[in-house]
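What follows is a set of structures for review.
After this come two complexes, each holding chain A, first together with chain B and then together with chain C.
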Partner chain A sequence: MIVCVAVVGHQNNPLYIQSFTEADDALKLHHIVHCSLDVVDERVNNPKKAGPTLNETFLGLLYPTENYKVYGYLTNTKVKFILVTTDLDVRDADVRNFFRRFHAAYVDAVSNPFHVPGKKITSRTFAERVSTIVKSFGLSSAG
Partner chain B sequence: MGREVSESCVESLLTEMVSSYCNQFYANKPELAARRIEAIGYDVGHRLSERYTMERPRFSDHLEAIKFICKDFWSELFKKQIDNLKTNHRGTFVLQDNRFRWLSRMSIDPSPENTGLSQDSSVALAENKATQATNMYLYFPCGIIRGALSNLGIPCAVSADISNLPACSFVVRIKA
Partner chain C sequence: MEEYAEELRTPPVTLISLVGCPEIHPLISTHLHSQQPPINTLALPDFSNISVLAPSHKDTPIPYSPLGILKRDWLLKHRTRVPAVAAALFSSHHVSGDPAQWLHVCSDLENLKAVIRGRNIKLLLIVVQSTSTDDISEDRMIALRKRAEVDSKYIIMIIPNDASELKESLNRLGGAFAELATTYYKDEGRRIKTRIEKKSFNSIELNIRYCFKVAVYAEFRRDWAEALRFYEDAYHTLREMIGTSTRLPVIQRLVEIKTVAEQLHFKISTLLLHGGKVIEAVTWFRQHNASYKRLVGAPEVIFLHWEWMSRQFLVFAELLETSSATIQSISSLVLGTADRPLTEWEFRPAYYYQLAAHYLKEKRSCLELALSMSETANEIDVSAESVIPSVYVGQFARLLEQGDGFAMQPLTNDEEYIRYALAEGKRFQDSFEIIALLKKSFESYSNLKVQRMESFCGFQMAIEYFAAGDLTNAKHFFDCVASLYRQEGWVTLLWEVLGYLRECSRRHGSVKDFIEYSLEMAALPVSSGTGIQSFRFKECGPAGPANLSRREIIHKEIFRLVGGEPGLASDEDNNSLKVTGDQPLHLEIDLVSPLRVVLLAVSCFS
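Then we have the complex of A and B:
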């Protein structure tokens, strides 16, 4: 299950962060997302370690913690997408697919002429679309 | 899944936008009008670059980003690629389009208005006025290029210059 998704701007400013848990652990999830930003920077600045995935937008598993797995995605415009999940065996293809759809939703949201670039995304349509994508995550592999 | 937009609508919109800014909002301040039009272009380019770079790996250097502008970005916008790209390898790029779509229907008034002046100088005057008017239409595409490149992390200044219609070249100077 996905517990949190976040969009972070090119100056590491939060653009959108949403948790999907019943429990009151938003702060913890924000902390995890915050920590992952350093890992993203490290991946991007040391491309040798990244190996074959050089310059690919999908950054793969950033780091596993006791309860969560954190995945990252970096667009051409230096916007970072972070995904926090509790599933232990996640298929890479599922995550890639998730990020692709998430990216499409993000692009549609920022193409709105009333959205100011670099400001938080407040669009309700975007929020709804994201929760649909989150709900459908991993369904193909489970079913 | 591409959506289509009527080409004539876009061209009419551009014409109307330039004329509103030059003749109504900032009638006596052409520089201010130019800045405003450029800013609109910047915004458009910023958003478009987000969309058109979606399915591709990140660019490793400036040249790759410029090539993307010349090929894919230009194809999406104008259904053709930039015809010629020159660079001095020190941050200046010249993008030449031999038939720039937004200038292809531009025409210059052939009849000199001022009969009092000699033929030569009135022709020169008319040409000068025409060049100024045409230049106004180029601030928008300049802004688009600048917006797209800045969103890709390349701050730059873009200027345009017309050699002979409808050919047009855009000069991109990357800020160090």
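Then we have the complex of A and C:
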């Protein structure tokens, strides 16, 4: 189950962060997302370390922590997407697929003429779309 | 790692024994100890002492049901009390002396042989000559060799007074000892291995014990690959035992299994890391973690599980740290495989220290809960005093006085064990330990210039200090953390930290800080549709959840405080905060700071 997704801007400032959990650990998830930015930085600055090639947007598993796994994605405009999940066995293909759809939703949201680039994403449509994508995570492997 | 016994932490060192001629023991033992690999010596001055080498008890019949998995003192015994080789030292005078002396030599030799036979200890003869001109008749030497039933290369002459000869004979001696010791450990290992192969055991405990022994014997021979293989076998067999074993009461059974697993895991990780196989070690740790993480056990003693988990992380962090010299650079490693990717973080001790702290926190809260639940909390100490670790690893027994001596009686029921565990748990100050772990992690991250992880550790440390009442330290760390969150615009996180800071300054009675933090909080753009849910009060720190109504409350508090209403934000120690005419307050606020707007509002409307 995905417990949190986030969009993080150039200055590592949060543009959108949403947790999907009943338990009261939302604040903890904020901390986890924030910490994961260190890993993103490290991957981006030392690209040869990570398995994927340089032009790959999907950053893979950033780090496992307590009961969570954190995945990252870096768009070509250097905006970061972070995904936190509680699933033990996550297939990379599922995560890639998720990020691809999430990216599309993000592009639509920031293409809104009323959106100010670099500001928080407040669009309700975007939020709804994200929650649909989150719900369908892992259900359809082919996507 | 310090809490493990010395014999477990260091690789085993071959042990040999010297019997007779005590005057040259120091000479030989110093030489052996300086060898590579070193050999330890158990020196027995006289043949009358040799009974210590004898097996302590008659061998139990092979198919018997053991009462535990591993014996606590087995490893220590083989490192300090059971030599691989016994060397009988005779002076050349006695060997070539009159028949009475010769007879004495022969009987000493026979006695020694009889004693060491029970343990299959190898025999070596050393004849000490006072000068190189001493002549021993060929016949006597042959007779001696025949009596000892050893190969002629295992009779060694030593002339302590002749430096050049001595060096050579000591070298020969060292070689002979090493050779015989290897044979001994190989034979012993093979003997036990046959039992495993023939499956001549009727319990899974013995299977694990045998694997462990074979692995230790392999370690004595420095055959790391075989040692690793058998430790792993033991580990996997042990894991299968969970759920099938019924020997002990439920709680104690799991405790025993976890303790043994911990030891095996420790051995495996150490071997992997010292062999430079960092990736394998990290992967192994991950599996270890995954297979035991969910075995929390009975609800009354969940804290034991978290304590155990915390120790796993701590020990692995320490292992990783000590072997980091062998890990040249993380960047040169190819991380993981496609299906089991490893992240660069998992190669850093800081990551494990941080999680160790996390699990220790979990332990603390579970222990507090368990203590509050147990009605007999106050009587605990009395009955738990006489409980001590038993002869088996991971088991406990009650020490009973019986006449002059003591007897150990296994704890028969889990209630007794729970009482003991709770009493033990109460003795420790977890928050110091948590801070220490976090500090290690914090420092390590800051060396790596990993800012955010560092901040997170600092933040958790600050909370611990805050809870412990150490406001100065708390404030220091909170301030560091706040500046990062401020810079990167993480409003919810900043809100939380500021809430703590505000509380710190209130308790400290520092008006200026209190107002500054309050103003900053009041100015934070919270709840502006960023999808922040209402967090529950408990985890939000003193400021409560970041939302508009909390902001409003804080607003009003400052209004009243600045307006001079007394006694508003006072704390218990009478340090009431107030702003009065005689003590005006100067706040320097940056032109671009959002505080300015709030302050304007404050001064306009108050």
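Quick note on the criterion: the second predicted complex is superposed on the first by the 138 of 143 C-alpha atoms of A that agree within 3 Å, B and C clash if a C-alpha of one lies under 4 Å from a C-alpha of the other, contacts with A are read in each partner's own complex, and residues count from 1 in each chain.
In this section, a residue touches a chain if its C-beta (ideal position, glycine included) is under 8 Å from a C-beta of that chain, and two chains touch if they have at least 3 such contacts.
Remember, it's a predicted structure, so these values are computed and weren't measured experimentally.
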| item | value |
| --- | --- |
| Combined model on chain A where chain B meets chain C, clash or fit | fit |
| Touching partner for A:14 - first (chain B), second (chain C), both, neither | second |
| Which superposed partner A:29 touches (first chain B, second chain C, both, neither) | neither |
| Partner chain in contact with A:3 - chain B first, chain C second, else both or neither | neither |
| Touching partner for A:75 - first (chain B), second (chain C), both, neither | first |
| Chain touching more of chain A, residue-wise (chain B, chain C) | C |
| Where the C-alpha centre of chain A sits as vertex, the angle toward chain B and chain C in the overlay (nearest 10 degrees) | 140 |
| After superposition on chain A, the shortest CA separation from chain B to chain C (Å) | 18 |
| Chain C partner contacts - residues on chain A that touch it in the complex | 11-14, 16-19, 24-28, 30-31, 34-35, 37-39, 42-43, 46, 48-51, 60-66, 88, 92, 120, 122, 127 |
| For the chain A and chain B complex, residues of the former touching the latter | 10, 54-57, 74-78, 103-104, 107, 110-111, 113, 117 |
| Interfacial residue positions of chain C with respect to chain A in the complex | 286, 290, 330-331, 335-336, 338, 341, 343-346, 351, 355, 358, 450-453, 456, 459, 485, 488-493, 496, 528-533, 535-536, 538-540 |
| Of all residues in chain B, those that touch chain A in their complex | 43, 46-47, 49-51, 53-54, 56-60, 151-153 |
